[in-house]
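Structure first, then comments.
Naming follows writing order (A, B, C and D), and every chain is counted from residue 1.
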Amino acid sequence: MDLAFSPEDRAFRDEVRDFIATHLPADIRRKIQAGDHLVKDDYARWQRILFERGWVASGWPKELGGTGWGPIQRHIFYEEIAYGWAPRLLPFGLHMVAPVIIEFGNDAQRARYLPKIASGEEFWCQGYSEPGAGSDLASLSTRAERQGDTYLINGTKTWITAAQWADWIFVLARTDPNAKKQEGISFILVDMKTPGVTVRPIETIDGGKEINEVHLENVVVPVANLVGKENEGWTCAKFLLEHERTGTAGIAGCRQQLETLHELIAHESIDDPRLDERIAQVEIELEALAFTELRTLAAESAGKRPGPESSILKIKGTEIQQALSELALDALGPYAESHLAPKYFNYRKTSIYAGSNEIQKNIIAKRILKL
Amino acid sequence: MDLAFSPEDRAFRDEVRDFIATHLPADIRRKIQAGDHLVKDDYARWQRILFERGWVASGWPKELGGTGWGPIQRHIFYEEIAYGWAPRLLPFGLHMVAPVIIEFGNDAQRARYLPKIASGEEFWCQGYSEPGAGSDLASLSTRAERQGDTYLINGTKTWITAAQWADWIFVLARTDPNAKKQEGISFILVDMKTPGVTVRPIETIDGGKEINEVHLENVVVPVANLVGKENEGWTCAKFLLEHERTGTAGIAGCRQQLETLHELIAHESIDDPRLDERIAQVEIELEALAFTELRTLAAESAGKRPGPESSILKIKGTEIQQALSELALDALGPYAESHLAPKYFNYRKTSIYAGSNEIQKNIIAKRILKL
Amino acid sequence: MDFTLSPEQLLIKDSVARFAAGDHAGTEKWPQFAELGWLAIGAPDELGGFGGPIETLLLMEQFGRGLVRSPYVAQVVLAGQILRAAERTELLERLVEGTERFAVAYEEPQARYDPAAVKTTAVREGEAFVLTGTKVRVLDASTANTLIVSARTGDEISLFAIPANAPNITREPYASEDGYDVANLRLDGVRVDAAQLIGPLGDGLALLDRALDHATAALCAEGLGLMSLMLEATVEYTKQRQQFGVPIGSFQALQHRMAEMFIEVELARSVAYMAAMTLDEKADDPVARRRGVSAAKVQMAKSGRFVGQNAIQLHGGIGMSEEYKVGHYFKRMTMVERLLGDGQYHVARYIASRGAAVTAAPDRDPVGASGSRAS
Amino acid sequence: MDFTLSPEQLLIKDSVARFAAGDHAGTEKWPQFAELGWLAIGAPDELGGFGGPIETLLLMEQFGRGLVRSPYVAQVVLAGQILRAAERTELLERLVEGTERFAVAYEEPQARYDPAAVKTTAVREGEAFVLTGTKVRVLDASTANTLIVSARTGDEISLFAIPANAPNITREPYASEDGYDVANLRLDGVRVDAAQLIGPLGDGLALLDRALDHATAALCAEGLGLMSLMLEATVEYTKQRQQFGVPIGSFQALQHRMAEMFIEVELARSVAYMAAMTLDEKADDPVARRRGVSAAKVQMAKSGRFVGQNAIQLHGGIGMSEEYKVGHYFKRMTMVERLLGDGQYHVARYIASRGAAVTAAPDRDPVGASGSRAS
């Protein structure tokens, strides 16, 4: 048993850290440190830099431009991204549609889409949630009618991050209205410039405007844009969700929040043992969770498929993010409204999206405890 | 709107307070203040004293010896009992079986049982829970076979407080095995001296021995001991549970706990703002609950039947009792084991018995929120 | 003991409820409030005043339910109670008529809600005082004609009424998260004469402390209204919202969460009444008043956070959307939770005010004075 | 990074698991432990010692799962680590052989867990010391042949090995809630010579602090075992226990509770390992050691309380019964939660030990040193 990182991993960490320190554009770092919203170009510039270094396509097969990282290296990379105040890589292309195209697509599709996803030349967004659906994805009602060698798509997708920047959207649509729930769904790629595609921003309570609704009205798409077999899109969706749910607990981000919190307290010279205790409790839970994530990574490296344990990371990770945003609010008291309240509001979403924490508890009960 | 007690109520309160101060035997008060276990004679002596004062049969009709108190006077009386370090009146006769006999029994039964229940000459215990049942009372399996003018009873009842002292037990038994669940149950009174009745104490994790299992093996009981109609005992049971669940939140008891806690902290000269805050939070919640109880009492006095709102009192009342026993443990830290741990263990039961807090939440969801 | 409302109280409750249920967005309804007599609640009879803390509660609870964005608390309760206790009838009259607007400027940078933490000075110069200092988060400052400012006169604190357009005052207005009108003020040697003193010299803190308790109780009532509506909206939503072929309100885990929300709302209701009763019946007992009101705000903050967060959670994505009402209630609740002192501030104030109040002390009333025994 | 056990570690784990699963009630199994070599864990090679904190964790976790009532922590870990660090090989050898039993007497009335709060004095008289004072809640005092007592030598604290039967020592043994052998000690002028010093004069606190961290980590492992078994028992029980015609484990509210219990057990598992790793890899860094171990105990206390209380709740009445196992696990968990310092004590110790440790400081290891970044 050995919990220290290997010398190779340490070397890799230092390499990533130095690269970020030397290559991240200063204006972008400043924006993130100040908590400002980023624009598309910020993400694009940074992805381009990482792309040229060969550091974007983690999890892809090496022959398709993948980084060839193991779980621990991937973990180190994303932690350093956060510690270095660098923008995250938008996952919708790189870590959502790309794995699906790699797993279920054909060579033509791999050749057409993957390079531009990697380089950031084309931005993507997800099109699975619907106003009616939510955590119950399979109950989607968007239709795709086969008409010769095209599909006619009608429907509405919602809670779509970065749709306003996207060149492409991947859509789950019902191609067989008579089949039952999970069956009769297909996974289709849609060019956002296609006539009939409109994007409407949904303002969130924190004043954010990154979430959108995408309307598809008589959108005509070539059958060539179908990924995998017709009516078997649910397989792609399940695969994609597994991928999304084995996401990180956002430990690095929480540590940044915690650091900011400690700085705030020092700066406002707040001296309150009750607050110190609450912060320490969250800090300790964060360390316990960080260690839990390392345990799952070690298991993955030992070949174990990421399993329902990732639900722990989702639940506790989001609970800790929310607890920290509350602590910041409480620490600053009267001075918090202006700049911290929006963050507190915004973080309420973390326990809702990517499989609400209630859904995650169902998963633990059913798949781990076998209840 | 007026939340102060009426002059009459205040006068009544002072009368009760003075009576307890002057009539409660000193040795009993000392035992309770010291947290010692009481023996049967302690309860009997005290009930006798209150009986002679005409203060035991609250909730009974006046003509049967009832006190004729309204909800607020009843509340005041039980609060003062607690404040005065007096023993509670054991409810199994006075407030469980008696109301059932009054509501469903015949005149002979009223004449036979009620006077001795009031005087405390005969002690009772409840016989509804069974090893198999729990919160799902109706799933009981104790059988009572009609044989001419007697019943032959076989079965086991459990979680029975004070059975070791009881002269009588009221038993829910299945008189029609073919009827479905709630039907075919009868409410039967059994003399504990009847051959075939054995009492086995169940030791609880706090070292207590007040809980028992009662075995009924070929117990022969005259049909005259049937209360209400045969196979309609479930009506009695529901009536009885309603009575039990509209119990008080135990505000007075919590205030005593809180007082003891403050004394402990002063005595050990513990100075910890984190602890002070936790105590204040519970204290405030206790006041909020006390006021909530007053609101329901006012509603009752205004003629409203006690309803599912009483579930709030059960849930929060027990949560506060448990929180206070935890606070005492935490306040005393290393010195707590010996005398406070048992209390902490013992109080875990409060969220389980009399309709577990989970059941109470079901009641709120279904009957108040109509979910 | 009796919780039933008098015919007059029912009348207010219903008329306010009707108003709050209607369209009251945007435009200022102040003249209408004056007409309806709502600005006269708590005012003395000679000004046509009526009612007190209970009537304020009834009104604010409905304002909460309707998410009415109004300066009512800052004007009628905070400023109103100061003017009433200081017997400045001529000013109070203009407030009741709705012809004059006031803003109470008491909080300072780093004061952390504490009205006693005053650095602003009022230096005597002959018959006049000269005020210098900074005030933050002053409610309604940009619409007020008159500012009521706390300042140090020697060791003590006094209050002064100053025309908002007086020289040497700079206002930096901004909108709070929930769209209320707030401003920071800078006073650089503002000259006032002794007649502008509100209440006797040095009585400022007592006046403020009392009026702030009235305003805090009113906020608790608003919080109650916000919470009860959030609960109802959540119950309704989960009944109609289908997931996996059934309404999500049929899932026991969510049912229990809503049961817990219901309990919190009922506790919040109790403390809102407790606070109002305390102001009514403990007007002459500042310790009991502080204890009762701070206890109420502590419970309100705790319950409000729980109810608000879970209302969003159970609504799911739509709860996060600016287009749907529950998010706005949640934001306002978050502000109400901290306005005039958050839970941490008031629990400390509550503990400090315990003083001699013994738990289960024999002769307390059920109202107010937490840690007391019913009597 | 690698969590897989070595063959040797698997061997211990399995043999201890077999023992813990068997009948080990009542009678003392010490000689058997010696035979199996369990008393040699953490001892130096020349004593046939092997393993360290990880092996201790593997053993104690199984002891927890089997509710093994044993003085292992007090003997092998607490006393053992003191003797090892003080290089008292001759004493340690007798401990490893199982021929001698030790009791570490460090806590005093009002010390509230703090080993530095020592009033007991050791006054020098020529070559000898004379000890006077009171020690409380000394584990295994009544079975010990040798007492290791902390006492003030001037400003510093030193440790002394004293035969349990030495004159002027009075023992008041009693059983703790969970049936462990505990005693209070009174020393009235107990004479010892300088040879009985354990470690250099004045090094007592450092020796104690380190050994207590080892013992605390071992308790965390026991807590992990207790918790994981309580969870399994609860899941099993709710699967077979029928209510309203279905197993109660099918109720979503209970399923979510058990999911939360599972999460707490996993966090507890993580901190138990974190503590062991810290002792392994931060042996030379007392600050990181204190931080890591105190963090672990804080989490253990919180998780243990949640899991224990809900194990009882979900078992219902039977959980309260002395005849059913889960109640005994709950009681032991409650003791483990506070033994050698409860959550309040350790969170304060954790905060105090933060010192320079910056959150996200660049070059920390994943193990120990909470608030550190993986490296």
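Quick note on the criterion: a contact is a pair of C-beta atoms (placed from the backbone, for glycine too) under 8 Å apart; a residue touches a chain by one contact, two chains touch by 3 or more.
Computed from a predicted structure; not experimentally measured.
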Comparison of B-D and B-C (more C-beta pairs in contact): B-C
Farthest chain relative to chain B (centres taken as mean CA coordinates): A
Whole-Å separation of chain centres (CA-atom averages), chain A against chain C: 41
Length of the line joining the C-alpha centres of chain C and chain D, rounded to whole Å: 52
Multi-chain contact residues (two or more partners), chain A: 274, 277, 358, 361
Numbers and ranges of chain C residues touching at least 2 other chains: 251-253, 255-256
Chain D residues within the chain B interface of the complex: 107, 110-113, 136-137, 174, 176-177, 242-245, 251, 253-254, 305, 309, 312-313, 316-317, 319-323, 327-328, 330-331, 334-335, 338, 342, 344-345
Partner chain C, residues of chain D touching it in the complex: 251-253, 255-256
Sites on chain C touched by chain B in the complex: 1-6, 9, 54, 235, 238-239, 249-250, 252, 255-256, 258-260, 262-263, 266-271, 273-274, 277, 281, 295, 298-299, 302, 347-348, 350-351, 358-360, 362, 365-367, 370-375
Chain C partner contacts - residues on chain B that touch it in the complex: 1-6, 9-10, 13, 17, 72, 76, 79, 83, 252, 255-256, 258-259, 262, 276-277, 280-281, 283-285, 287-292, 294-295, 297-299, 301-302, 309, 312, 315-316, 358, 360-362, 364-366, 368-371
Residue ranges of chain A in contact with chain C within the complex: 129, 132, 134-136, 139, 158-159, 202-205, 207, 211, 268, 272, 274-275, 326, 329-330, 333-334, 336-338, 341-342, 344-345, 348-349, 351-353, 356-358, 361
